[in-house]
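Heads up, the next two complexes both have chain A, just with different partners, chain B and then chain C.
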Partner chain A sequence: MAGLSIRGAQKSFGDTEVLKGVSIDVADGEFAVIVGPSGCGKSTLLRAVAGLEELTGGSITIGDRDVTALPPSDRGIAMVFQSYALYPHLTVYENMAFALKIAKAGKGAIDEAVRRAAAILNIEALLDRKPAALSGGQRQRVAIGRAIVRQPQIFLFDEPLSNLDADLRVRMRYEFASLHRQLGTTTLYVTHDQVEAMTLADRIIVLRDGLIEQVGTPRELYERPANIFVAQFLGTPRMNILSATVADGGQALLADGRRIALPPTALPLAAGAPISVGIRPEDIAIGDAPGALPYTVHFVERLGGLATVHLGGREGDEPVACQLRDDGSIAEGDRLAASFAPGHLHLFDAAGRAIGVRGG
Partner chain B sequence: MRVNRWTVTLLAAFVALLTIAPLLWMVSVSFMARGEASQFPPPLLPDSPTLDNYRMLFGTFGVGRFLANSVLVSTLATVLALLFTVPAGYAFATLRFKGRDATFRLLVAALVVPGQIGMLPLFLELKAMGLVNSYAGALVPWLAGIFGIFLVRQYCLSIPDEMLEAARIDGASEGQILRRVVLPILTPIIVTLALFVFLSSWNDFMWPLIILADQQLYTLPVALAAMSREHVQDNELMMAGAVITTLPVLILFLALQRFYLSGLLTGSVKG
Partner chain C sequence: MTAVSRTREARAGLGMSAPALTAIVIFFVIPAVASLLLSFTDFDIYALADLSNLRFVGFQNYARLVENPLFWKAMGNTLWFVLLGVPFVVGLSLFAAMLVNSRWLKWRPVWRVALFAPYVTTLVATAVVWRYLLHTRYGLVNYLLSLFGIAPVDWLGDPHASLPAILIFVGWKTFGYNMIIFLAALQTVPRELEEAARIDGAGWWTRLRHVTSPAIAPTVLLVSVLTVAAMFQLFAEPYVMTQGGPAQSTVTILYFMYEEGFKWWNLGSGAAVAFLLFLCILAVTLVQLRLARKAV
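Moving on, here comes the complex of A and B:
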């Protein structure tokens, strides 16, 4: 097994710069997830690691080998594609054995490797079937099996769950996690789904427009996002961002004219400086308290146990979403008091960078 | 609108009967005695079935040789066409090279030019190359049919890139990818194309007539046409010749039906 190191990766398609100098280190055995909106370059980056795209600049090292110029098959990687890309004319067994057959492995060795992988994935009963006779989840397993059989140094996953229905996605997510625990293979996983990133990753790499926005553990990114983009990309419902200016007495003046208390990180800020104040919906406390602001309930999204309540104040107030346990008592039109505890506030400067948090 | 199933079945049966009736009568007449089919009204079935017409064709006219010629030419045409067309179509679909799209557009545009227009220039070219009156000359038009290239290309476009990439990651060379992944997937279209080329070259009359001067080299349609000049009244003989021409390809067509009807790509990607 081996770690992965990407240095200053650049890639252009014609005049379009897709990767603008991306550097990532993935430790041996780590599960790293690259997440970002579509078009951010995450798939291109993964394909570059696989050797399916040639980088315009930069280098890729796997273990202690520079693989930048090596063909895909010599890199010690295995990739699972979004569409599974199984060979339709071969059985599940033959699909999984394909790489070893090409490598001219012995019959016994192939059989052992295929059966071991099939046992891990619980697909022994499917070995004689063709892909057309499999369900989506089974195809996904075979695609993973094909990757396991090669015993790669690094697993690459390109949005592997996006073709599955919601139910199966949750189950496969769990299986990915336990598979990784079992095999301990270094993994680079690409997704646009922040829930997948949060639940699977040892470390998340947030990519936007070909640049890294932040790198860190899911907790770090959630609790200390480096900028507004990361803050709003992770977490559902997304973080409320209110524009404000710094006022005297450790307070902020919201755009609607109301005041809230700021945390100590705001102390160095000059009065009058424009800032953005972020607060996660679950961090908003409802109920009368000193400094609480009056709001009217505009809309309630009931999710069963939880409800997302959209609050608006008077005319011109910025709407705020908060998440509550739903006991059925809140209705549209209710008047509530909401308080923003200073300890839960995230402050961002005019450029959207977090104040008091180191960036990725 | 919901149409009654019986109505559809009856209509289909009627159209099928209309189509197959002349063919059946052709077979029937080929077993009739000389002049029997020329009566009025013409009989549907032979009065006393006879193989005389076939004996005459194979014995007196040596049709066996022309049959062999036709088999040889059509088989070679099919093999050569596949050899050039399949890789060309695959390349147009999956490889990136300079001028690919422009070349392909030019080829497709050339499809609208009727084949007959090219016959004279082609004849002159082949004459200069010394290929007139040889099977090499007869085969040239079949080597790389544009339609075949187009057909293979369109089918190749439906092979997902990810599948080829998966094979590349699995360590397969481009040759191995073509042999072990692409060709098996292309089976239905290759069979279809082979059938198409075989039928067209088997039935082709014009070009062999132009290019082959030596009677010993004649293919079946040309030989039958030559025969019909003197035997234009011998309906029964001509029909026997027509049966010999039609039957082999009809059998081939039916035998390969299951290949070109199957869609092998199902199940490779997405549920």
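Moving on, here comes the complex of A and C:
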């Protein structure tokens, strides 16, 4: 096993710059997730690590080997594709044995490796079947099995759960996590789904427009997002962002004319400076309290145990969403008071960068 | 389902397929049956003038064909055309398709048009050009061969060279069409499969064998069946290039049929040839399908 180091990765397709100098370090045994909206370059980056895409600039090191110029098969990686990419005319066994057979491994060694991987994934009963006779989840397992058999230094996953239905996705997510615990192989995992990123990752890399926005543990990114993009990308419902200006007395003047108290991080800010105030829906407290603002309930999304309540005030007030335990008592049209505790506020400057948080 | 509704359903089905069935009956079944009946008569130029001269002769046309050495010569030539021509044309088309499908090739659309162009050119016009290209003394083909130290070949005058010469012309003329079919098949091969194979360490040949071939196998079968039928029905190319010569080395079954029917006006005999040809193509196609079913 080995770590992965990407230095200044650049990639252009014609005039389109997809990666604009990305540097990432993944420690040995770490589960790193690259997340970002579609078109951010995450798949291109993964494919570059796999050797399927040639970088325009920069280098890739696996362990202590520079693999930038090596063909895919010599890099010590195994990749699981979104479409699974199983060979349709080969059985599950032959699919899993394919790479070892090409590498001219002995029959006994191949058999042992395939059966061991099949046992780990619980697919021993499927070994004689062709991919067409498997369900989506089973194909996914075989694709992973094919990767395990190669005993790679690094696993690469390209949106592996996108083709599964919601229920199966949750179960496979759990299995990925336990598989990683069991094998301990360094993993680079690409997804556009922030829930997958939050639940699976040791470390998340948020990518946008070919540049890294922030790197950190899921907790770090959630609690101290480096900018508005990261703040709103992670977490559902997404973080409320209210535009405001710094006022006297450690307060902010919201665009609708109301005032809220700011945390001490805002102290160095000059009065009149434009800022954005962020607060997560679950951090908004409902009920009368000093400084609470009056709101009207515009819409309630009931999720069963929880409800997302969309609040609006008078004409011109900025709407905010808050998340509450749903006891059925809140109805549209209700008037209630909401308070934003200073400790839960995230402050961003005019450029959208977090104030008092260092980005990655 | 009740019997009544089943009848009704059958009637609706027949009604909807009627237009297509009518066309098939008028343009295929009736002519085919007519020519089969014709092959049992002595239909000739006299019968054309006065139908009362038409007589039913049973299998006499077939019996006479079997005794005609030129029929067997034509049969043999045609078999050679099929045996050599089908692998040649299918291989050439597949190679061209892979070439214009490869990612490293620049100006791919231009290549595709250029390689498809021969198929849509006029046969007679290109035959004239090819007669020059294959000319013994001034032809480009012999010039190119001379660069490798090969003595000039009398392509269209030597009975041993004429058949390959026609094949080269046929291959050049038809591979573009098959290339398009193969190209369509190649483009359905999932890119991720190819990439998975690359990661698994598969080289060019292994990828061709395990990724490309299984995916395009049905298309190869289709193109083979079409090409076999086309090779059995070879006529225009020998007609314009060699008129069946030299020494009847390029007389094909269809050429023979044409001469029987429209040179000597033995239309009954010509129809018999046509029917035998039909049986040949049917038999070979059935064998191909049987083999393919076993393999796929």
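The criterion applied here is as follows: the second predicted complex is superposed on the first by the 360 of 360 C-alpha atoms of A that agree within 3 Å, B and C clash if a C-alpha of one lies under 4 Å from a C-alpha of the other, contacts with A are read in each partner's own complex, and residues count from 1 in each chain.
Basically, a contact is a pair of C-beta atoms (placed from the backbone, for glycine too) under 8 Å apart; a residue touches a chain by one contact, two chains touch by 3 or more.
The structure presented is a predicted model; accordingly, all values stated were derived computationally and were not measured.
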**OP:** Using the superposition on chain A, decide if chain B and chain C clash or fit.
**Re:** clash
**OP:** In the three-chain superposition, say which chain, chain B or chain C, touches more residues of chain A.
**Re:** B
Original post:
So, A:R139: does it touch chain B (first), chain C (second), both, or neither?
Top reply: first
Original post:
After superposition on the shared chain, which partner residues are touched by A:K130: those of chain B (first), chain C (second), both, or neither?
Top reply: first
Original post:
Should A:N163 be classified as contacting the first partner (chain B), the second (chain C), both, or neither?
Top reply: first
Subject >> Residues of chain A contacting chain B in one complex and chain C in the other >> reply: 50-52, 71-73, 77-79, 81-83, 85-89, 98-99, 102-103, 146, 150
Original post:
Which chain C residues qualify as touching chain A in the complex?
Top reply: 190, 192-193, 195-202, 206, 210-211, 214-215
Original post:
What does chain B use to touch chain A in their complex?
Top reply: 160, 162-163, 165-172, 176, 180-181, 184-185, 187, 264-271
**OP:** Flag every residue of chain A that touches chain C in the complex, lowest number first.
**Re:** 50-52, 71-73, 77-79, 81-83, 85-90, 98-99, 102-103, 146, 150
Subject >> Interfacial residue positions of chain A with respect to chain B in the complex >> reply: 50-52, 71-73, 77-79, 81-89, 98-99, 102-103, 130-136, 139, 146, 150, 163-164
